Structure formats: C-alpha cells, structure tokens
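Two complexes, one shared chain (chain A), two partners (chain B, chain C).
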Partner chain A sequence: DSHIQYERVGADVTMKCGSMDWDAAVTWTANGTDIDESHLNGSYLILKNVDLSQSGQYSCYEGSSWHLKYQTSLRVGTPPKEPLLMCRSNNYPKGFYCSWHLPTPTYIPNSFNISVIHGTKDMVCEKDTIPKNRCHIRYLQLFSTVKYKVTLTVTNALGKNFTTLTFDEFAIVKPDPPESVVAKPVPNNPRRLEVSWQNPSSWPDPESFPLKFFLRYRPLILDQWQHVELSDGTSHTITDAYAGKEYIIQVAAKDNDIGTWSDWSVAVHATPWTEEPKHLTTEAQITETTSASTSSFMAPPTTKICDKGAVVGSGAMAVCWTAGLVVAAYSVLFI
Partner chain B sequence: MAAADSPSAALRRDLCSRGIRLAGKMRADVVDLLDAYVEQQGLDASASVAAVEGVPLAAVERWDEQTGTQRLLENLAAYRAFRALLAQMLEEQREQLGEADAGLGRALAAVLLQVSAFAYHLEELLRLESRGIPGAEEDGPPPPPRLSLFEQKLRGLGVLRELAQWAVRSVRDLRQLAKPGPATGAAPGLAESP
Partner chain C sequence: SPTGDSWGIFTFLCAALCNLPALPALNCSEELGAGQSIQQTYDLTRYLEHQLRTLAGTYLNYLGPPFNEPDFNPPRLARAERVPSATVDLDLWRGLTDNARLAANYRAYSRLLCYLRVLDGQVGTAELRHRLAHFCASLQGLVLSIGGVMSSLGYPLPAGPAGPSAPPGAPAAPNDFLKKMDDFWLLKELQTWLWRSAKDFNRLKKKVPPAVVTLRLEARGF
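Moving on to the complex of A and B:
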C-alpha cells in the first residue's frame, strides 16, 4: 500500500511502519538504502528538520521476515508564495490572456485556479495546453468602462496563496513586437538606410485597429539612440546615418489610440552604402614616395578620410586639414 | 474598385477621415478635462462609478457585426445625449463655483463645442447615405431629480469617463465606415437603402 506524504522544509517528520507495534523490530530504507537505527524511535522513523534532499521513497520491513510493511513517498517542499500574475491583450479586440508563475519553486505539485469577473459577470478563462500557466478570454464587450478583476489562487498540499489584478480594457493592450524587420543600405547614398517591417502576426485587424511605430537606431560604436515615431506605414528611411558605420536598429509597435508600447523587435544590423576606394594608400607607400623626393613636395593622393561623406558631421573639414598637415610634415622631414 | 472611386465613396472616406481626426482631438481634450475634473472636484481617480441614468454607455457586444448605419445612429444618439449632459454640467459648475473655477468651465465648454461639432459631422455622414436623421428629442430626457453636490460630481465623473470611451469607439466606428463595403452593404460597411 503506497502513500505520498508532503512535508514542509524544516519540519520534523515521524513515520509509522503501517500497523506494526511501536516495539516491533523493523528496518527502514530510504531509496533502497538502510537507514541507521539512530533515526528510529522504536519502529517509528524520526526525521528532524527535513530538507529537500530527504525527498524519496521510504520503506519499512518487518525485522525477521523482511516483509514490506509500509511504503511512502516523502515530498519535501514549501507552501506557495504569492503568485505573479500578468494579463495582456496582444490581439485586441479579440481578447486577452493572463499568465502566471510562482516567484520561488515549491518543489511539490501545485494547482492553479483563475477567476475573471467583469462587473457582475463571471467569465471563463480557457486554459492553454502550452504553456500550461496561461489562459485566454474572448472579449464579450468592447469599450466598457467597467474594470476586469482577475484572481489567481495557487494551492498545494502545504498551503495556498492568491493574487488579484484589476484593470480596464484599454490598459492591458500591448501588441507583440513588429516582425521581419529588415534594414538595407541605399545605393549611392552613404548616409541612408532603408528600414521596413511587418505588423505582428498576432494583431488580428491592423486595418481597423492600426498600429503606430517607434524606431530606434544607433551606430554600434555609440551608446545613444536616435528615435523616430511613425504614425503610419511600415517603412522608414534613415537619412542621417554616419557613413561606413554599422548600425543597430529596432522597432516597437503600439495601437494608435490605446494601450502601451510593445517590447522592442529583434535587432537588425546594417551599414550604409560606401563607395569602393579608387586608390589603396598605405603609410608605407606615403613614406616610400616622400623619401624618394629630394626637392619637391608631393601632394598626397585623395584619401578616404577627406571624402566629404565619410567623416563625422561638422568635423569633416578639420579631419581633411589635419591629414594634409600630417603628410606635409612627413614630406618636410624627408626633403 | 469602381465603387471605391465613386465621388460618394471618396466623400465618405473624406468625411470619415475628418471625423476620425475630430474624435481623436476630442478624446485627448476629454482625457485632459477628466484629469482636471478629478483634481478640482477632489475625487478619487480610481473610484468606481455606477452606471448613471441617461449617460450613454460605450460598451457594446458584437461590435464587429454592426452595420454602418447602426454605428452612425448609435454614435449620433450618444453625442446628442452628451451634448445635453455637458450643458447641464456646465450649468451646475457655474452655480457651484461661479467664476472661481473658470478654467474648468472653459475646458467643459470647449469639449461641449467639440461634441456638438461631432454630432453635426455624424448627421452629415447620415445625410450622405440618404439616411433619415432621427429627430432630436425637443425636450431631451426628463430632468433628473436634484442631486446633492457630491452626487453631481460623481455623475460628472461618469459622464466624462463614458465620453472618453465613446471617443475611442467613434474612431474605430469611423474606420470601419471608411472601409470599402461589400455591394450588399452588409456589416461592416454601410447598409444600402431598402
């Protein structure tokens, strides 16, 4: 006759060997290993201040015959703490879902019960099979000012706990992030990147419930983001990118009228178009060229750093001037 | 596509677009007014207000199944009711505070103007579809029983909250109306004349 026994971490546990008398000669095993007699009080097994590692199969055998007299599965765990509950509508106006989890594990099985009330009306939250800590509700009404009240109760063999969430229809609307974000350079445009994306596939009716978007982008070498809010369309051209720099770009979505912004989309990387260099100029070539000249200064060939589009903002002229000075200095040294 | 390019379809889309902008602006102003009202009247923003008689509820079942005509008629009835309710609130405000709270009074008056304008806009849409415009009840609903000051404030809260919901609903309704409807005029577009 097998049993399951749930005990709290830190509890003192006494196990009786079935119907055997206290003074009967018995042997206890834990997961097949004999338990030392020091843990016995007569035929009772005493476990003090149990911890998780003591979970297992405990068996009691009659002393001489080795007949199995009692068996139990000890599960050491904790009563549930207040669960964490969140509700969200990523498919407005169809409905919303609630999902939950425990802040710390209990190490024993838990059952969850969720109730949803809208005004005086009880609503059914249909549990998802995957994931199993989630359920969804179809909206029966739209545009209601009456709040929804969701109560989640978690119960296990050692106790129960609950939490309640109250919200109105608009507040929990949060789309999934935009999908299929693509960023491409624009040919012959060293400061542009073309970004496009799609509405999240979970948003059921973008025509009637249009989304607006927030784009953020920055070169990998900088920490500060640029932001652009777009009230329609699913594409945008960045026109102030730093030439030649790799960018990271993300997009978020929000219903045009209600709710909150989605999480950021998966990041995409792109580098604006750059012109193929006409001459490859290395320091060695500059040095060789200038050391061969004894009486004249040779102007450096056009280098990329003096290219107007290839430098950072207003520093363009300063960089060109500096490059000229450096090369001039080299030339003077070797005349 | 020929129907979508017809002058009346283009006009309908134009009226719907303008209506959406009007409703969007109205909602933004109502939300600001709601914040100011809660603060000035010393109310708790999270207080639940039971449905008040005469305040049209924005809540609707099977919203997506409504015909275009239903949408317009329900919207028009609602905004006509809000016009009367806001006028009453303005009157009560003046009685309570006189000139002491002119800012709130001005904000209420501005929203009342927008509600009236939107009601007129809805009438235009109905005319476009050769729909008879239901006559406004000359005397409106029967005057409500005299409320205490606190009850007036709570009712005002209920009116503004419901108006904010209606403004969102109206935007959605007009977007549905702006869609090219099927020839038979079944939901969600505008139904054809019988």
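Moving on to the complex of A and C:
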C-alpha cells in the first residue's frame, strides 16, 4: 500500500522497507531510479538534510525477487509562516470579505480555517470558490460599536500558524476603483479633456452611500500629477491641459464619509483637440503662386490666420508674414 | 484634508450663528429651505466627527491604559444602555420614515449631550475641560439644527430630553474602572452615531427636494 510522508526541509529522514528486517537485502528507487547503496543502512534508506528536490516516489524492492515491498511519496516542505490576512468592505453596507495568503510557500498542502467573532457572536465567513483563499460575510447589523475579530489559522502536516485582525465596521470600507473611465477631447477646445466614469459595480447602494472621487492627470512627458477631488457626479472637464499633449488620467473612489480611497482605476490616455495640421509656406512663395496658375501649392494657411485676425490694409502683408514665421517656429519646437 | 477642515469650520460657524441666537427666545426668521438645513446638518455631523477624533484621543489618554490602546476591544458589560445605540438592522434602517430617522438622531444627540455635560463637570485637566466645552457647544448646535429640520418638515420634536436629564437612569458606576469604561463606551457611541448620521442625512438629502421654503425658526425652549 501507498503512503505519503511529509518532512521538513533540512531534516534527516529514515525510511524503512515496510516490515522487512533490518538486514534484509533490498533495493530502493527514487522516482524509478536506483538509489546507490551508500545511502542505505541495512535495509533502511537514510536521507540526510533533505531538500525540495528530493521529493518524490520512493520504492523498496526485495533483493532477489524484485517484489515491491513498500512505497511512499516523500513530500519535503516547511511548516507555515504567519499568514497575511486582509479584510475589506468593497460592498458597504452589504458586508465584507477577507482574503489571505502565505508569505512563503510551504510546498505541501495547507488548510485554512477562518473564524469571525463580533462581540460575543460567532459569525460564519462563507468561503468563495473563486478566488480561493477568500471568504465573505454579510452584515446583520449596521453602525456597530463593537469590533470584528477575524482569526485565520493555517495548518499543514508539519505545523500550524495563525494571525488575527481586529477592526471597526467603518475602518475597512474601501470601494473598488471606478469603472469605464473614458477621456475624450472636446472639439474646438485645445486645452480641454472630458473625463467620465461609473461607480464600481460592486458598490451596491450609491444613492444612500454616495461615493466621492479623486481624479489625477498629467501629460505623459511630465512626472507631476494634478489632482481634483469631486464630491459628486461621475464626470469632470479638465480645462488646463497642455495643447497637443497626450495625457494619462486615473480616477479613485471613496465613500463620502468613511473608510479609505480605492486603488486607482485603469489609466486612460487622451490628447486634447488640435486644429488640423497645416502645410506652412513662406509669404514669398505665396506672392509667387498667386499669379502662377500651374502652381501645385495648396491655399496658403497663413492667409487663414490673417483672416481670423481680420487684419486689413497695406500693413497686413507684413504682419501675415511675421505671423507665419512665428507659427512655423513654434511648430518646429513642438514636433 | 485641510480644505475639508476649513469648510467644516466655516459651515459650523454659519450654522452656529444661525442657530445659537435662537436659544434665548428669538424669532429668527430665516429663509432656510429644508434641503439647505439638511445639508447644514450633514456638514455639522462631519465637523463634529472630525472634532471628536481629537477630543477622544485626548480623553482616552487622560483615562490611561488600556483605554487609550488602539486595539482595546472590551466586551459590552451588562449595564443599562445609557444612550440609544446607533446599531440597527440594515433593512430596518433603510425603511425608517424621515420622521423616525430624524427623531432617532435628535433623541440620541440630546442624551449624548447631557452625558457629555456631566463629563465636563468631572474631568481633571483644563485642556480637557476646554475641549469638552467646545465640543458640547458644537453638539448643541447639531441638536438645534436637527430640530430645525424637523420643524421645517412639520414634524413634532420628540419629548425632550426624555427621562434622563442629568445623569440618567443608569446607576452610577460602582468603581473608578467601571466609570472609565462608561466614558469609553460613551465616546464610542458618539463616534458611531456621527458616522451613522452622515448616512442618515445623505438619505434625507436625496428625499427632500432642495426647494426654498420660508420659515420662522422659533425658540424651542432648550
């Protein structure tokens, strides 16, 4: 029959060949490979200072007949370290969830047991199937003065460990980040970006438990974020964007009154609206082409700029030419 | 946040200026929409909650360990409940009528104010007395504000300060430690009520339209 054997990393392991006598002639194999006699003490297999690589199937065969006398699966691992536990209410006021994990792997199976005590009452934390290592609790009462005490115990074949969290109902409220964040340029407004988002879908009652939001944005080329806090509404127009620059924008949410800020939402990118790029030509070429009929130049844009400025008169040409130069110079700078 | 604090202080000052003159018999005819006074009351609860954090910290340090330890989590002793607890069943809380919701807040803070005033008379240090007095004044403003909202909505004020005038039905603590326990729970209940009130007034904000209604705020014999 088959066994499983758990041993600690660094331990010395002695395997007996079932009921065989110490002086019987046996052969041991590890994962099908013969083990050298130097590891044997009579019919016992001695493994000193085992490491993870020595995990595997060990079999013992009677010397001459090659009958399988004993088989065991050796699993080398460690006892559990103190687990990391986190509890959070992202669906206030419905309840909260706790999730946990081990800081370092044990390499052998672990079982977790979670207990939740509220004052004198024991509460049941229902384990989630997905993700594993998570359970959830429904609040029976709201606005409680009594703290919740959550104890997580982790046990495996080599030992056990535990950790405890104690908290007030309000302290663990942390919504999920806002969803569907969208940032769009605003036509004919080179310094604006329109941002909109939605309440996280896990937040069950935004009417009675409204969220407030924190928006941060910066052009990709700068490190400094700008921040805006918004006490209501799920949209905001940025009015001080640098023209033509691509922006990165994120939003976070928080219950209006209690708890902490959510993580930042997925980042969105947007660039403010810019005018159609123009082909810039000098004034000299314009005066040439106005008489030339075979010219392939497009209508010179500098005349458009002058039109906007509504400059009329003999001085206009000189002004237009200067304006054209300035625009050209700026364009070169920003390319 | 610093901006939040200044806003809270500003709002409170406004509320105080509006409400405190009503203490001596005064017909303060203000044009307060019910919606506006709910907003005001909401802002007051936020301000008080912030103030309480500092006050509670100072007071618990005055009480000394274990009361000032962050994970101090004592069992609730079987002494008579002094203040109506903010704790409530979720569905029940949702289903409260506006009148019931406001009345619960009014009653709770009226009693909490009484208890705090008693505390004020007993504490040792001048700093604590000063803080407590300031807090009581703010809390008084809150009670008046809630009363104002109820009046503007046409609800009768709960028979006031029912039963316990100073110190209430509950028997005096038999020893120093239990007295400190009582103080600890008083501050805890106060804190929880302020958290709850923010939610209560959020709900009221949504239900009462912000239409402007002219009222006369009359003295209520506090």
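We take it that the second predicted complex is superposed on the first by the 277 of 335 C-alpha atoms of A that agree within 3 Å, B and C clash if a C-alpha of one lies under 4 Å from a C-alpha of the other, contacts with A are read in each partner's own complex, and residues count from 1 in each chain.
What we mean here is this: a residue touches a chain if its C-beta (ideal position, glycine included) is under 8 Å from a C-beta of that chain, and two chains touch if they have at least 3 such contacts.
Since the structure is predicted, the reported quantities are computational estimates derived from the model, not experimental observations.
Peer 1: Using the overlay on chain A, decide if chain B and chain C clash or can fit next to each other.
Peer 2: After superposition on chain A, which the two structures share, chain B runs into chain C.
Peer 1: Scan A:Lys184 for contacts with chain B and chain C and give back first, second, both or neither.
Peer 2: A:Lys184 sits against neither chain B nor chain C.
Peer 1: Figure out whether A:Thr120 sits in contact with chain B (first) or chain C (second), or with both, or with neither.
Peer 2: Once the two structures are laid over each other on A, A:Thr120 reaches chain C alone.
Peer 1: If we overlay the two complexes on their shared chain A, which of chain B and chain C does A:Lys149 touch? Say first, second, both or neither.
Peer 2: A:Lys149 sits against chain C, while chain B stays out of touch.
Peer 1: So which one touches more of the residues on chain A, chain B or chain C?
Peer 2: C
Peer 1: Using the superposition on A, tell me which residues of chain A are in contact with chain B and, in the other complex, with chain C.
Peer 2: 93, 140-147, 170, 207-210, 257-258
Peer 1: Quick check: in the complex, which residue numbers of chain A touch chain B?
Peer 2: So the residues of chain A in touch with chain B come to 93, 140-147, 170, 207-210, 257-258.
Peer 1: Chain A touches which residues of chain C in the complex?
Peer 2: Spelled out, the residues of chain C in touch with chain A are 1, 46, 49, 71, 73, 75-76, 85-90, 93-94, 185, 188-189, 192-193, 195-196, 198-199, 202-203, 206.
Peer 1: Would you tell me which residues of chain B are touching chain A in their complex?
Peer 2: Where chain B meets chain A, its residues are 24, 27, 48, 57-61, 63-64, 161-162, 165-166, 168-169, 171-172, 175-176, 179, 188.
Peer 1: Which residues of chain A touch chain C in their complex?
Peer 2: So the residues of chain A in touch with chain C come to 93, 119-120, 139-147, 149, 166, 170, 207-210, 229, 256-258.
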